[in-house]
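Chain lettering (A, B, C and D) follows the sequence in which the chains are written, and residue indices restart at 1 in each chain.
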Amino acid sequence: MATRPMARTDFASPPHGDPPLETETLRARLAATRARTLALAAPLGPEDMAAQAIEEASPTKWHLAHTSWFFETFVLARFLPGYRLFDPAFGYCFNSYYESAGARQPRPRRGLLSQPSLERVMAYRRHVEEALEQLFDSGLAPQSEAARLLELGLQHEQQHQELILSDILALFAANPLRPAYRAAPPRGLCGPPEPLRWIGYAGGIVRIGSDADDHFAFDRDFAFDNETPRHDALIHPFEIADRLVTNAEWLEFIEDGGYGDPAFWLFDGWTTIQREGWEAPAYWERRGGLWLAMTLEGLRPLEPAAPVVHVSFYEADAFARWAGARLPTEFEWETVAQQEPVAGNLLEDGALRPLPPAETFQGHARQLFGDVWEWTGNAYLPYPAYRRPAGAIGEYNAKFMCDQHVLRGGCCATPQSHIRASYRNFLYARQRWLFAGLRLARDVGR
Amino acid sequence: MATRPMARTDFASPPHGDPPLETETLRARLAATRARTLALAAPLGPEDMAAQAIEEASPTKWHLAHTSWFFETFVLARFLPGYRLFDPAFGYCFNSYYESAGARQPRPRRGLLSQPSLERVMAYRRHVEEALEQLFDSGLAPQSEAARLLELGLQHEQQHQELILSDILALFAANPLRPAYRAAPPRGLCGPPEPLRWIGYAGGIVRIGSDADDHFAFDRDFAFDNETPRHDALIHPFEIADRLVTNAEWLEFIEDGGYGDPAFWLFDGWTTIQREGWEAPAYWERRGGLWLAMTLEGLRPLEPAAPVVHVSFYEADAFARWAGARLPTEFEWETVAQQEPVAGNLLEDGALRPLPPAETFQGHARQLFGDVWEWTGNAYLPYPAYRRPAGAIGEYNAKFMCDQHVLRGGCCATPQSHIRASYRNFLYARQRWLFAGLRLARDVGR
Amino acid sequence: MATRPMARTDFASPPHGDPPLETETLRARLAATRARTLALAAPLGPEDMAAQAIEEASPTKWHLAHTSWFFETFVLARFLPGYRLFDPAFGYCFNSYYESAGARQPRPRRGLLSQPSLERVMAYRRHVEEALEQLFDSGLAPQSEAARLLELGLQHEQQHQELILSDILALFAANPLRPAYRAAPPRGLCGPPEPLRWIGYAGGIVRIGSDADDHFAFDRDFAFDNETPRHDALIHPFEIADRLVTNAEWLEFIEDGGYGDPAFWLFDGWTTIQREGWEAPAYWERRGGLWLAMTLEGLRPLEPAAPVVHVSFYEADAFARWAGARLPTEFEWETVAQQEPVAGNLLEDGALRPLPPAETFQGHARQLFGDVWEWTGNAYLPYPAYRRPAGAIGEYNAKFMCDQHVLRGGCCATPQSHIRASYRNFLYARQRWLFAGLRLARDVGR
Amino acid sequence: MATRPMARTDFASPPHGDPPLETETLRARLAATRARTLALAAPLGPEDMAAQAIEEASPTKWHLAHTSWFFETFVLARFLPGYRLFDPAFGYCFNSYYESAGARQPRPRRGLLSQPSLERVMAYRRHVEEALEQLFDSGLAPQSEAARLLELGLQHEQQHQELILSDILALFAANPLRPAYRAAPPRGLCGPPEPLRWIGYAGGIVRIGSDADDHFAFDRDFAFDNETPRHDALIHPFEIADRLVTNAEWLEFIEDGGYGDPAFWLFDGWTTIQREGWEAPAYWERRGGLWLAMTLEGLRPLEPAAPVVHVSFYEADAFARWAGARLPTEFEWETVAQQEPVAGNLLEDGALRPLPPAETFQGHARQLFGDVWEWTGNAYLPYPAYRRPAGAIGEYNAKFMCDQHVLRGGCCATPQSHIRASYRNFLYARQRWLFAGLRLARDVGR
């Protein structure tokens, strides 16, 4: 049976030893974050870091540069007197989607940026980091705009850490050699999943979201604008599964003809699986009657008790219908998660794949944080009285509030200090390249 | 100034004179509905009825046949002993999207069905209607499954009445001759729109939706499954505009560069207007410095005080942001509408275009019903504890609950007996061919 | 065994009785041609005449109008003093591809022209014909530009007669009801094809093409510019089949895995059949183990001895390679055809489908004219010293001399007076909707 | 004025000093060819070698591997007893288009092959080269199949040398930084082009093509199958320009509205330039009123007297029509070229860009070999009595004989020993990424 690893992998270690991330200053946290980004890229060769498998995914090198561009553009150019742009052409190359920051390399063509070379991008990172040191040296008021944007840049870089992993997996899965991001020993057989248990919740008015937006810097209260404002929401009585849906359960769905019966599917989902020829989660392939899955450790046998991962919203929704249940709402999920510690199989654990749940702790939902992002039944929409931030930062989250779907809880590639109960991730329903899976919920008493 | 017409147009008259629709029996209402469908098609030639301008729109002839196929497939074949299919091949031709009813003509190819001819489709309609008469003659329990499905078929046909009009407008707008569905005299100049007034509402728990689903037949309590179950929702204090957004206001938005500034737009919206080259609502065209709009009466000058129509969700959302406001939620809208009579510029009024609002009635929102469907800020999602109906009827509304947006209130092409406060229409964000516009809302006290 | 019909169908009869087409004046030939166009459209309803199945094909109504627009634009507007355009908007609607004649309805959207109605198009035809009568009444010099353009317009209309038939077949083949253009009695069984015989030709300098371009009007020497100038060409010794490739032979090709083995195919051909899923000629469908083919008489069993039809160049080329032969060059074909009378299964015969060859006439190639257009091995290129005509007429043939392929000999839908040994038709390699098949050739002595 | 460089660049030097390529043995020529391939790649970093800008172009690394795969698959695996495949998975990765050699990485996805790494591909090259040494050591009969395929592999690798350069230019032109393949000093101003002179040729029977196909190995008589068999062709009197069309002349065409007037264009060409928005040759860009062109030396000012390059067939054909001339046929071109030495601005000259012509040598056409591939008026078709080779080699050239166009003469990236008067290159009409330009011709006496 696969078990959670005891030791952290090297790249996940903070560069400084003792002080826990929670108590470090912003400066130290920033340095540690930047260092971890490099550590994540370390196993890759320059060609691996330059290629782009799909429109959604970006080359590692691009992530390395873009996260530096973010600091350069939104912090250094505004707050460090005399700051010199490393290369004025980099704005075009490494702006992701900020209309207010000017024209940019079209997203599907990021893989064409063979130049600037990796070496030059590394020099860019150092240039930016040295300037950040200067900025810190010059003194920085905790609640200043610069400090707030530094914190945002740190959080932003954490998001790209996760993307480095999901994107390199997309690249390697598209490679006929199915290369591994890291070597792994053969694993023992994984046992069957435990039975699912339902945990019941009463309905009522609950408090949702964060009120962090006015004072997030230099403390642990950071939240993105899309988690605000904190507000009342009404939930109805429901039950929620105490663990994630497993590979074994997904195989049952496949074997029961789940991908062949339109009755389980949303119209857009059915159209999509027909057009794309999907018959299983992304990265699953059947070889000689056996299901394998492409992972960061290469092509591996499925682990029955591990959570299913790399499914679209369409598939998650269809599975839930097949199972006689539904996806939880994001408010139900947050209500449950508010009661649990932010702990789980996250990036620092170093597993880099979802794992079977730990032993049952009666009445508690497990795997809420880490393992896989959990699709909810909610469209990604602004909270009541949400105010779109002014300027470029208003493009960070707000402009995507249309036809995307909320996911909660982080995954095995999410830094522990990045996730929280109120965190809202979002994807288009068709997207499968992130580490996304699902948990079931159901109505009560009807 | 354009005023609301006093007299109904002929085609909108029920075939029987006196009894109001409200009190007619299902049989009479059904006959009246079928007759009105034909009346709506009457101005069109056989070629007009056969062509398909865009994937979303269908030929009139197809609507005539499909609404008959609906009764044949879901009522007659199941409940009329000995019923003989008019033509077994019609199932393929005229099934819209019911996977459970078998294979079908691909949607974008409905315009290739030059055969069966209009004449034969009319014979199909009569064949079905005669069989429905037999079914009625044989007696029909008010709450029977057959009666429920007859009511559903009636409501379904009403929906297609509206589509006949929106779809023929799409066809004529795509025709270089810009033909008119009906002739119209020149109209007098329309005055400027009145100032908008805000009406305030307190927040709290409100009752939303309908509880009609268990006993809808033979009374006026019909509701679609997607309006159920009736449930509590929490709304926050808000203000809502007492009238719809006008053409004059939309022109201001255009002239202020609204279509050229990404700050107003959702990411998907900006991508769409760039790709499509949209610079105005659908059917607007500038000729010699003057804005005209294609209507069912041909190409006409814009009426400044009339509601803007044929805008996408993207545009409605961008306009609201430009105006410093937002779209109402569907729950806010329904709360407001529950307090008003179901009356307005609907199909029976015969205007066939949105009209300027009637004189102010202090503290009341006007134009809630009719004129244009109003985009809300909500994704089209199931209500709490919604149950997807079994079988084909479960495909009617439920499978579309993904990445569509709720519109409320009906439009100038919606039959009066078809609309109500709880009615939920839904479209993809990009769609513009229905009669859709918007009303502004805003938060209070933040 | 299928035999050639004795009686001509009505629509093929010239409106005046006795004088053979050959000796009629241009005026009479023009009247007869216009009348035959209407006769070809006569079996169709208004909806059939308005729909467009594929981009290459046009609605019958569009053909009726376009052939009138051609006379209006290139003859009447230029040569009939005081001529009044029937409707100035028709230029946009019915210009096919003449850049020099202004903007036009995009080709794939011809099926959206539900307006102008058929009735109005018929009035357009009469308007043009009355004006043509006036032009003739006013006297017309035999070699005048006007006379030359009238002849061109007549030839143009003959081309559209063939297109009316091929295009309506494309429409009806796309219709799930598989309607027939005309009714037909069941036919007796058709015997097996006769063995193919090879006819040998020595190589050498041959005369190719026509020198008709300077004096074509009012006599039978009309040729298109693309057949000119008459010039020497060098051919090498070859053998050519005395008949067309048959359905029976094509079935052998299919059963031998012809569509599954890339060794037989050109690269572009293989790519095309993979992408399109082609496994047989257009309009063939296998039902219950039996091959049927959609024809102008509806879905019919294959006739083994009849020529295969509706194959692309890719398929013709692959078949020839499979058969150990090749397609003839257009110069080989023309050399052979120069020695035979212009006779065969043409439009006037009324069969409207390719037929088995008549009995052998030793040493003569049969089926050269009529039955099916024969793909040659030649790209459609200008002849040596070809001069592109000035103005719009230069767009008639010349601008298509790129990446199309020459076909020779006419088909069962080609008017007899329209075809000749030097006639060059041309299609893209992928196109299958015309009546096109093939004849084999091979090298000698190598 | 730009002049031809005196010194060869390093990478163009053969690895062994004295013996001219002409007299080297196959073994030495092969070693020299393989070494030059590496020299061409030497200026590039690993990321530059891995990216793919457009579907037609391939990554350098892929070229390095594919040319090795060619020897491995068609020579070593068949003729070297005990040969061990370097990696069985490489067949999938590096097969280009040989259906008979099995499945392969889709062409547009070659840039996803970040693995195998460059290092591993270099090891592959060495592995193959060591095996080739063994094969030579084991003795090889001059006319053996193995020797013939080695020669073919050498010629094949020469073709890919040219592609390495054109493909890296495509990549760097798509990069917003416009990087240079090699640095270059600023150049002096280039003078205006000399006047064009016409050289006349009488018509008649000429000998075209090569008879080399039965005994090509170990001597200089190699030719590709598509140049065979040598045969008679008939040409008509013509005149041909004594030099290539220049950038200065192309600017005149642009300034005369050449890209805006459909009268100059083939139908497919006009459609293409409208769709693609072409207004100049590929890689031209106007900055601040000045035309620059992207070259292997980065973005440089246009040289007026240098040949225009990176134009499609459509553009070449339109230019010729605008100039009152036409493209030469491939037979005219070959007739002219048979009379001139195979010399010019070829790869070994190291200019890597087309250059102005050398001084006039009265009555001789210049720039026939090297500088730019010259579009001809011919479709790429088999010669009379051409026989497609059996097996995979039959896929080398033969399967592309459809809808491509013949180019003649080689370019500044073509090895000198690779080109000859009978050499036929071929491209689709739309393709511009090779070094292709044009020379004018015209008819005489008509």
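Keep in mind that, in the parts below, a contact is a pair of C-beta atoms (placed from the backbone, for glycine too) under 8 Å apart; a residue touches a chain by one contact, two chains touch by 3 or more.
Chain by chain, the UniProt names read as follows: A, B, C, D = Ergothioneine biosynthesis protein EgtB.
This is a predicted model, so every value here is computed, not measured.
*Asks:* Can you list every chain that touches subunit B and also touches subunit C?
*Replies:* none
*Asks:* Let me spell it out: compute each chain's centre from its C-alpha atoms, then which one is farthest from subunit A's centre?
*Replies:* The chain lying farthest from subunit A is C.
*Asks:* Taking each chain's centre as the mean position of its Cα atoms, how many Å separate subunit C from subunit D?
*Replies:* Result: the chain centres lie 39 Å from each other.
*Asks:* Could you grab the centroid distance between subunit A and subunit D? Build each centroid from C-alpha atoms only and quote it in angstrom.
*Replies:* A distance of 47 Å separates the two centres.
*Asks:* Taking the mean of the CA coordinates per chain, how far is subunit A from subunit C in Å?
*Replies:* Chain centroid spacing, subunit A to subunit C, equals 61 Å.
*Asks:* Tell me, which residues of subunit A touch at least two other chains?
*Replies:* Subunit A, residues with two or more chain partners: not present.
*Asks:* If each protein chain is taken as a node and each touching pair as an edge, is the resulting graph a line, ring, star, complete or other?
*Replies:* ring
*Asks:* For this structure, give each pair of chains that are touching.
*Replies:* A-B, A-D, B-C, C-D
*Asks:* Give every residue of subunit C touching subunit D within the complex, in rising order.
*Replies:* Listed in rising order, the residues are 97, 99-100, 205, 229, 231-234, 236, 262-263, 265-270, 313-314, 317, 321, 377-379, 381-382, 384-385, 387-388, 394, 399-403, 429, 443, 446.
*Asks:* Quick one: which bits of subunit B touch subunit C in the complex? Just the residue numbers, please.
*Replies:* 45-51, 53, 61, 89, 92-93, 105, 109, 111-118, 171-172, 174-177, 179
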